Amino acid sequence: MHMADALLSPTVGGALWAGTLGTIIYCARKLKEKMDEKMIPLMGVLGAFIFAGQMINFTIPGTGSSGHIGGGMLLAILLGPYAAFLVIASVLMVQALFFADGGLLALGANIWNLGIYPCFIAYPLIYRTIVRQKMSHRKITIATILSVVIGLQLGALSVVLETKMSGITELPFSTFLLLMQPIHLAIGLIEGFVTAGIVIYVKTLRPDIVDDLEGVKALSSGGSLKKVLVVMAVLAVITGGAFSWFASTHPDGLEWSIEKIYGKPEIPEKENPIKENLSKLQGKTALLPDYSLPSKGKEEANPSWPAVDPGTSLSGLIGGIMVLVLIVIFGIAVKYMRKYKEKT
Amino acid sequence: MSHHIVELKDVHFLYPDGMEALKGISFKIFHGESVGIAGANGAGKTTLLLNLSAHLIPTKGEISIGEVPLSKKTGQEVRKKVGFVFQRPDDQLFMPTVYEDVAFGPINLGLSQEKVDERVRDALEMVGCLQLSNRPPHRLSEGQKRAVTIATVMAMKPDILVMDEPASSLDPRSRRQLINLLKGFKHTKIIASHDLDLILDVCERCIIIQGGKIVADGLSEEILLNEKLLEENNLELPLSRQHSPSFLQS
Amino acid sequence: MEYFNIGYLDTLSYKDTFVHRLDPRIKILVSFIFILFVVSFPKYEIAGLMPFFIYPVFLLTAGDIPLRAIAKKVLFISPFALFIGIFNPLLDTDVILTPFGISVTGGWISFFSIIVKFILTVSTALLLIAVTSFLGICEGLERLKFPRLLVIQLLFLYRYLFVLLEEALRILRAREARSFGKRGKEIKTFIRLISILLMRTVERAERIYQAMLSRGFRGEIRVLKRHSLRPRDILFALLSVMIFYVLRNYDIVSFIGETLRRSFS
């Protein structure tokens, strides 16, 4: 599922963009070092292929509804992690621009959610481990289904985390999780099955194509992925552990350190969203999983500017309508100005 | 007699899957000649062209282009002299705009910005597409794509022009324009095509290939009007020379 | 269907208006900053978001983009945000407002806030491509120092997008012609069709590579003309960001509202 701008906060969105950009730069650099020339047109058309492929739908057995492929894992299998990540990023960017799938801020999160897990976790740790030199059909099927399922589960989990940390939705963590994970489990099983089917079918019909692709993949920045992963995993554990310890035992300490780091916010936000969101998350993790906090306390309705409750006063209402009217007039004026300029 | 520019000596080509597409092809082409290559599907036309333009290396025999024998090493050099126009323009126009597609070759030749500019302008003018400079390729008509493809090759100033089915899927008008364009080129031309009328129009010499071997090599006027020869090789008379069907005759 | 959608926005992007001529870097940055401002509003804000419509409205009108096209697309993608957002009114039931005696819960307010934010952000993303052209965006990204390999990837994808969509369309039509009703959409058939498309795609990549080689390709691709920043681009950027800042930090809306109330009471 795609994240949407409206459900994100600037900090969560920004953080994910930073992560995505960092990964993109890393992948580009890795490929620049060592890449089969053929990769460039191959990556390009495979991106277009994923796009076009998503247009062809099939009926999901048992439900009657239609589905289409995602393609992330397929790309990882065909191109290797670095190239696949870039292709996934490019596909999502085109979708964000032409279909507004999610939005520009959420794009960073979407690339992360749909790219990192298949390319840098599922593919190297699961797929490659199971499928080594002998690519038997059974191995491919198991490896693919497992990889896709886990990749999607992690992606879905990320969506839930990102939404909760942004604090826009009221959905309690556990409920959201309960909604997302099973659905994505089902999607994962199907997509995994389909992806495996494709790999096997192509292998059967045109083994030369598969060999060719393996060759291109091998020539393009192989190796040393394990090292990166270990580092990433260790970092994740450390930060996660430190974070949760802090949150549960030193609530004030957390705020104190945030303020020290953050200082006076220059980005024009009257309230500190990190503080608010972290305290919410801290609240949730400290309590039992199926207990959802009262959804709104007085602290959450922080006034964003002096003396006015956000959007709740009559003046606000009248003013809002008036502003819209003014903007429409503005728009019409611009239109006529443009038409006039065109005539002359 | 002008010096020859392309020479094939007993060329064989075996594909990795075991199919022998060329079984001993030999001919010489002279500077400025226009040669059509005709044959049924699978006869080996495309393979021959790919060998001529150094995309494939013969498994046996030798090809020399302008006195330079073809090999893996000389491949790059040879490709500069041979402009290959592929069958599908979409595969050949891969840059964001027409200008950049035509400039791709000259840039790779290492020319300066001004020279590149000049080459691009001249090439586009030659094919009558200068006004399309800033268009992205997916916004061109088939005929325009063909013309631009030729420009991309012309910008490299090749000695020889090799074309694979240049007029396929063109509407009659674009086809006519293409034929006129080709007739105006003084380059050595080697054109593989099913369109026998085009070969008749553009090429004074014609080679028929069947099963990887040459079965005829001579003047187009003679070969392409030899009904028996054509039918033996799964071909037909060019449409413009076919008699009207008998049932129309009273 | 989506094929024609992309084609349409793509066509619009080649118009020639003031906004179309603005530097793509500027448009990307300003739009991104706009979105940051919009989503930085707290959960229960609606009125304060209203003035922000000025940016998409400006792009729309100055860029000669038909309102209908954008509105239709925004509507089309709303289900996800609606689906998540609808939980707010269900869960957040403390009443905040009682205008004219009707009690409105916080949940509904935050729901509408989501809707407004959604409309603002999504329409801006669509308008960005509508007034900039994909090539422009790629150039903008390159100037903004995005990795070249990514930019080249985007350009290639874009170049062959329509080609592949057409191939997919042909496959779809062939399937339609031979399956009456539900038969044909099974997974097995799907796998075959997609695999065929995949194989054709890989073969095409091979042909493109050959074409590149035949024109001297040795690993480097140089693309894209240079636009330089003109004073009007910088002015546009500064002005826009200033306006966003003011609108976000000063309660213009209530001020207007107050003024109107006072003048009528």
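Going in written order, the chains are labelled A, B and C, and every chain counts its residues from 1.
Basically, contacts are C-beta pairs under 8 Å (C-beta built on N, C-alpha and C of every residue); 3 or more make two chains touch, one makes a residue touch a chain.
This structure is a prediction, so every number in the text was calculated from the model and none was measured.
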Closest chain to the centre of mass proxy, which here is the mean CA position: C
Inter-chain pair with the most contacting C-beta pairs: A-C
Length of the line joining the C-alpha centres of chain B and chain C, rounded to whole Å: 44
For chain A paired with chain C, centre-to-centre distance based on mean C-alpha positions, whole Å: 16
Cα-centroid distance, chain A relative to chain B, in whole angstrom: 48
Interface hub residues of chain C, defined as touching at least two other chains: 155-156, 158-161, 163, 204, 208, 212, 217-218
Chain B, residues touching no fewer than two other chains: 94
Where chain A touches two or more other chains, by residue: 41, 44
Contacting residues of chain A [partner chain C, same complex]: 1-2, 4-10, 13-14, 24-25, 28-29, 31-32, 37-38, 40-49, 51-53, 55-59, 61, 66, 69, 86-87, 89-91, 93-94, 96-101, 103-105, 163, 167-172, 175, 190, 193-194, 197-198, 201-202, 205-206, 209, 212-213, 267-271, 273, 292, 295-296, 300-302, 304-305, 308-320, 322-324, 327-328, 330-332, 334-335, 338
Chain B partner contacts - residues on chain A that touch it in the complex: 41, 44, 208
Residues on chain B engaged by chain C in the complex (per definition of touch): 53, 55, 76, 79-80, 83-84, 86, 88, 90-97, 100, 104-105, 107-109, 136-138, 152-153, 156
Contact footprint of chain A on chain B as seen in their complex: 16-17, 94
List of chain C residues in touch with chain B within their complex: 135, 138, 155-156, 158-163, 204, 207-208, 210-218, 222-224
